[in-house]
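Two complexes follow with chain A in common, the first pairing it with chain B and the second with chain C.
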Partner chain A sequence: MKLQIYASKTMNKSLKKERTSEAVQCYLMISTQLIGFLVLTIYPIIWTFRWAWYSYSGIPSLTKYVGWENFITMFTTDFTYWKTWGNTLLFALCKIPIEITLAMFLALLLNRKIKGSNFFRSMYYMPSVISVAIIGLVFSNLFNYWGWINGILVKLGLISSGIDWFATKQTAMAVLVIGSIWNTFGINVMYFLAALTNVPEELYECAKLDGASKSKTFFKITLPMIAPVFQIIMLLSTLGTLGVNEYILVLTNGGPSGQTFSVMSYLTKQFMPGFAESSTPALGYGCAMSLVTTVIFAFVAIVYSKFSKKMGSLY
Partner chain B sequence: MKKKIYIENAAAYLILTVILICTVFPLIYTIACSFKTNSEILLHPDMVFPIKPTLNNYITAWNSKDFHVGILLWNSIYYTLLNVIIVIVSSSFAGYVFARGHFPLKKTIFACFTALMFIKSGGIGIYALFQILDIIHLNRSLWALIILSMFSVPIVNTYLVRGYINTLPKEIDEAAKIDGCSFIGIFFKIIAPLITPILATIGILAFQASWNDYIMPTIFTLTQPKQRTLIVGLMALKNSSGAATSWNLMLAGATIALIPVLGAYAVANRYFVSGLAAGAVKG
Partner chain C sequence: MNKFIKAGLAILIGASFVTGLAGCGQSKQIGGGNITTVTIWTGESHSKAVYDRLINTYNEGEGKEKGIKIDYVVKEGDSITQSIELALQSGQAPDMFSAGSLGKMVENNYLAAIDDLPGSKEFLKKYDSLLIKNRNTYNDKVYTVPFSAATQGLIYNKDMFRAAGIVDENGEPTPPETFEELREYAKKLTNPGKREYGIILPVKYGGWYSSDITSPMMSSAGHEGYNPATGEYDLSVLVPIMNTFLGIKADGSFFPGADGLDNDQARAHFAEGGIGMKFAFSFDVGVLNDQFPAEIDWGVAPYPVVDKNKKFKQRMDYADSYFMNAKSFETVGGEKMMEVLKYFTGDQFITDTYIEGVNIPYDWNIVKDVKIDNPKKGWVDFCKMVSISVCYPRTPAVDMTGQIPLKERFLNDVWTGKLSPSTVVDDYTNAINKGRDKYYEDNKDKDVTEFINKDWNIER
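Then we have the complex of A and B:
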């Protein structure tokens, strides 16, 4: 009896010891990440929160507490920030419908089990692996005043003289949308194709037997079946498009006169060392803008997930 | 009936091929332009292939004083390689710990790390990082950026590794545990060899991300142009000179920057594609 108790006690002890040793080893393995998380993530967030209530540009003597003033300026007098949101939305509204339709259409074609579909798929995906900075360079070369697009349009007689693509907001935006679709449509083709191959073949056979037309089959069978993936694609596409940053900096740099800045590229251009024109940017104001931006992005993600749950229950 | 399918397939091929040409053309044009003289690029933009192909752009770029491709290339190479190693080690450790480890606060820590994915702040926190770097007397440089990446949380990759380890049977490591293997020992002796496929995917993703990285290396090499990576150097060239004067150099540089990524894509295509799952987690 005594021996048994002794045995179980030592067992417990050794088990406890083992547990502690495992916990120590776990913490050891993620120690760099934990330190990094506290120092490189949490601290900058706290920093941003703090300075949003200050007039601060890195110079100690000019720093002073201003309360809500940064936020008040932002919402009542300085509308540049909100204009960049307008540009971002315009960009998203032009890009996403075209890209999603194109990707879906191509995925449907590739899903016909034609030869070489793998080859097409990987070629479509190729632009997604390239640096957006390089993509900006490639497209500013193509759409340059002396570039290929103008050259070919003149040669075909469509226009009499070259268009300065980056001189007006509409044309600059068009170039941005074209380049951006070129960059990412392949990813969506991949997603749609993966979703389409998961639709059971029998459903299509049944529809065929019932004499359903092609468009009816698409809307009544294909679309509902891929709805969950469709929602994920839309979310990724929306967040990715709204967050567009260095691509715009490289291609138009906000031009003409700041009319094509997206939110993220505007913030980078205003406050990042190396991008900002001023060497002492108004950091306090920038912190306020960053906070508002973060909240808006979180809001978009939450609203979207609520909304898409409702959409899912429709089917 | 058969004829109809035949026509439909032909139409499908036609559309797919047109899109294929649109996809490949900008790249082919860029690469072709890198073999033209600057005046040819500007005078005959509608010609795709060079009239008199020349390697001069590459030679000039290699010898140029302000755009020394050799140094930029070397910076890009070591920056990318070190980052790949760091990401692989760091995310496989974290993935293993969060998949198999038992320790207090596990769920909380993982939730905090996950929340990172949803924070898009516009990057102003970089000034707080500079403060920290000043405190530990680390100058802003490419090396400082590499050290920072040692301490960062590669959350998407951690998710990938964790998901992969969760599919492995637990009995293997329990057997090893009974044989007296420690928690870390199990990782190196048993888990690590089994997760190499997912590590290849992560390695490819990290390679692509750091090779293509633009904003962070720009900020960190601002005062040290000698440490610029290829992408940063290219963009600096685009922004500095009256752009029209050096298209040939820029496009030669762009081609050099494109080759490793496109080469890797040609060879390891399937790892890139399986990395798409990462995008789905990323949100």
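Then we have the complex of A and C:
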């Protein structure tokens, strides 16, 4: 009996040691990510939260606590910030419906096992791996006054002389939307394809036997079956579109006359050291703006999740 | 075995942290303690080849005698200012560096003052009238001195001027002297059928507004918004300048697609031909000679002015000597720091870099008798501009939190035709003067009168 207890104790000890050792190993493995998360995400959030209540430009003697002043200014006098929100929403409203519809349409086509579907999958996905800065440059040149698009339109006789695409808000926004859709629709095609492959073939066969039309099959089977993935795609697309930043800076730089600045590109251009024109930008005010922006983003995500909850349990 | 692997992993992780943190340069004694390496970081890649050659000669000669080796590092890629800020915060900054915010660095005790170096009194004598408060000096201590300059002006296509008959009695092209002439000539030079346009306006370029609209203020008004003689902000001269550009827009005498053009594209178009005029900086000489070699005959002229009978000196910017790391007082020593500072700010180095076509001297007298064989086109003209230019003094602080900057108001309201220049300029002048008053009311320890200079007169 004693021997048994001794053996059990020794085993427990050895097991405990092994477990501790494994735990240490695991913690070590994730330590780099954890440190990165703490240093590059949590610390900047705390830093931003702190300085939002200060008039702060990096110079200690000019730093002072201003309480709610930065927030009051933002809500009462700084209308440019809110205009950039308007631009961002307009951009999202123009882009997301077209992008999602196009991605789903192409995914449905590619799901049919047509010849060369793998080639098209790769082709659609390719723009997603290109840097947005490069895409900005490409579209900037394509839609240049002397660029390829104007050249084609003039040759086709659709216009008599070139269009200055970046001279009005409407045309500049159109270029931004076209370029952005080209950049991101491919990744959504992939998501939709993944969702479509999980729809059981039997459901379609049953529908066919029952004589359901193609549109009825789509709305009654396909769409409800892929709804949970659709919900995620919409959320990612919305947040990605609202957070558009460097793409705008490269393609229009906010022009014409700052009318295409998205909220994030405006914050970068005004307050990000290295991007802002001033060597000592008003960082405190920028922090307050960033906080409000984050809260709005979070609000959008929460509202969306709440209203789209049903999509996750349609089937 | 398992233990060995774990121990190895731990050592590897530890080592990677240590080496990762210790990647940056520091001054060090080499060659048995006789030679001290002084590390310099800069973002100036265009002049690297010339600097490397000159510094190499120094290291092999004078430097060796004085026990100094200069290690000149061009930081490419990321913003040099951010690289230096990070290095200063982590204690890894070089001994000298070319960028950063003076006030921020002084107040964080990162910088060594020139006044604290041996022989500083004599060294600083010649810079007495050139030092600018809060730019070279901070809290009554000197941190940098002027070293080179960047001038601005109007570049114009001589071939197009000749073809349009805008020439003097000798057939030499005559660039516009006034803004009125600028608009008139732009109109004359425009011929869309031949794809020729009077002027190119790179509106997408972030610096367009300052280079074309605000920079010419100084030679027209004798100040650049803040008038040191009165202590008031007065932006009224912007009205005729803005009206000129609106006129050019209305005439359609500018290169189409301005809102989508950045400066590089504009410079490339100018070099290619078919563009009559463009506002430019002295560093555009390198661009038009090397990056986009101009296929046209082009010239350099001073900025046009509002009234040709009332011309003032025009704007130029100094590049200042390197900031010095406070820590290097101990590692390098004050004497050697001073030697390096003297080398870079000395007349010999300034002359050498002028001849090589990389630096414009801050004082034209240093090089006025120097002849250059085959200088780059436009180089000497931009350099000569120093004699009719002045570096604008620092202006009083203003509290404009929440106010839309004038540049944005111009682009949003004036350039789009929503409001007249005078409405926007008057409103902004009022706002900026109020912003100045608010700042000094909130900061009673600061003195606004120190920015007033009743003798300020830069008429030429």
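Throughout what follows, the second predicted complex is superposed on the first by the 266 of 315 C-alpha atoms of A that agree within 3 Å, B and C clash if a C-alpha of one lies under 4 Å from a C-alpha of the other, contacts with A are read in each partner's own complex, and residues count from 1 in each chain.
Going forward, a contact is a pair of C-beta atoms (placed from the backbone, for glycine too) under 8 Å apart; a residue touches a chain by one contact, two chains touch by 3 or more.
Computed from a predicted structure; not experimentally measured.
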Larger residue footprint on chain A, choosing between chain B and chain C, goes to B
Q: Pick one for A:132: touches chain B only (first), chain C only (second), both, or neither.
A: first
* Go through the superposed model and pick first if A:204 touches only chain B, second if only chain C, both, or neither. => neither
Query: Looking at the overlay, does A:301 come into contact with chain B only (first), chain C only (second), both, or neither?
result: first
- Message: Once chain A of both complexes is superposed, is A:53 in touch with chain B (first), chain C (second), both, or neither?
- Response: neither
So in the superposed three-chain picture, is A:77 touching just chain B, just chain C, both, or none of them (first/second/both/neither)?
second
Which holds for A:257: it touches chain B only (first), chain C only (second), both, or neither? second
Q. Between chain B (first) and chain C (second), which, if any, makes contact with A:218: first, second, both or neither?
A. neither
**OP:** Go through the superposed model and pick first if A:143 touches only chain B, second if only chain C, both, or neither.
**Re:** second
Give one of first, second, both or neither to describe whether A:28 is in contact with chain B, with chain C, with both, or with none.
both
Chain B and chain C footprints on chain A meet at residues 21, 25, 28, 58, 140, 144, 146, 253, 273-274
Chain A residues touching chain B in their complex are 19, 21-23, 25-30, 32-37, 39-41, 43-45, 47-48, 58, 102, 106, 109-110, 112, 114, 120, 122-127, 129-134, 137-142, 144, 146-148, 150-152, 154-155, 182, 186-187, 190-191, 232, 235-236, 239, 243, 245-246, 250, 253, 263-264, 267-268, 271-275, 283, 286-287, 289-291, 293-294, 297-298, 301
In the complex, the residues of chain B that touch chain A are 8-9, 12-13, 15-16, 19-20, 22-24, 26-27, 29-30, 33, 41-46, 48, 90, 93-94, 96-97, 101-104, 106, 109, 112-113, 116, 118-129, 131-132, 148, 150-153, 182-184, 187, 208, 211-215, 218-219, 222, 231, 234-235, 238-239, 243-244, 247, 250-251, 254, 257-258, 261-262, 264-265, 269, 272-273, 276, 279-280, 282-283
Listed in rising order, chain A residues that touch chain C in their complex are 21, 25, 28, 31, 55, 57-62, 69-70, 73-74, 76-80, 140, 143-146, 162, 164-167, 172, 252-253, 255-259, 273-274, 277, 279-280, 282, 285
Residue positions on chain C within touch of chain A in the complex are 6, 9-10, 13, 79, 81-82, 85, 101, 103-104, 107-108, 203-206, 256-260, 262, 265, 401-404, 408, 411-412, 415-416
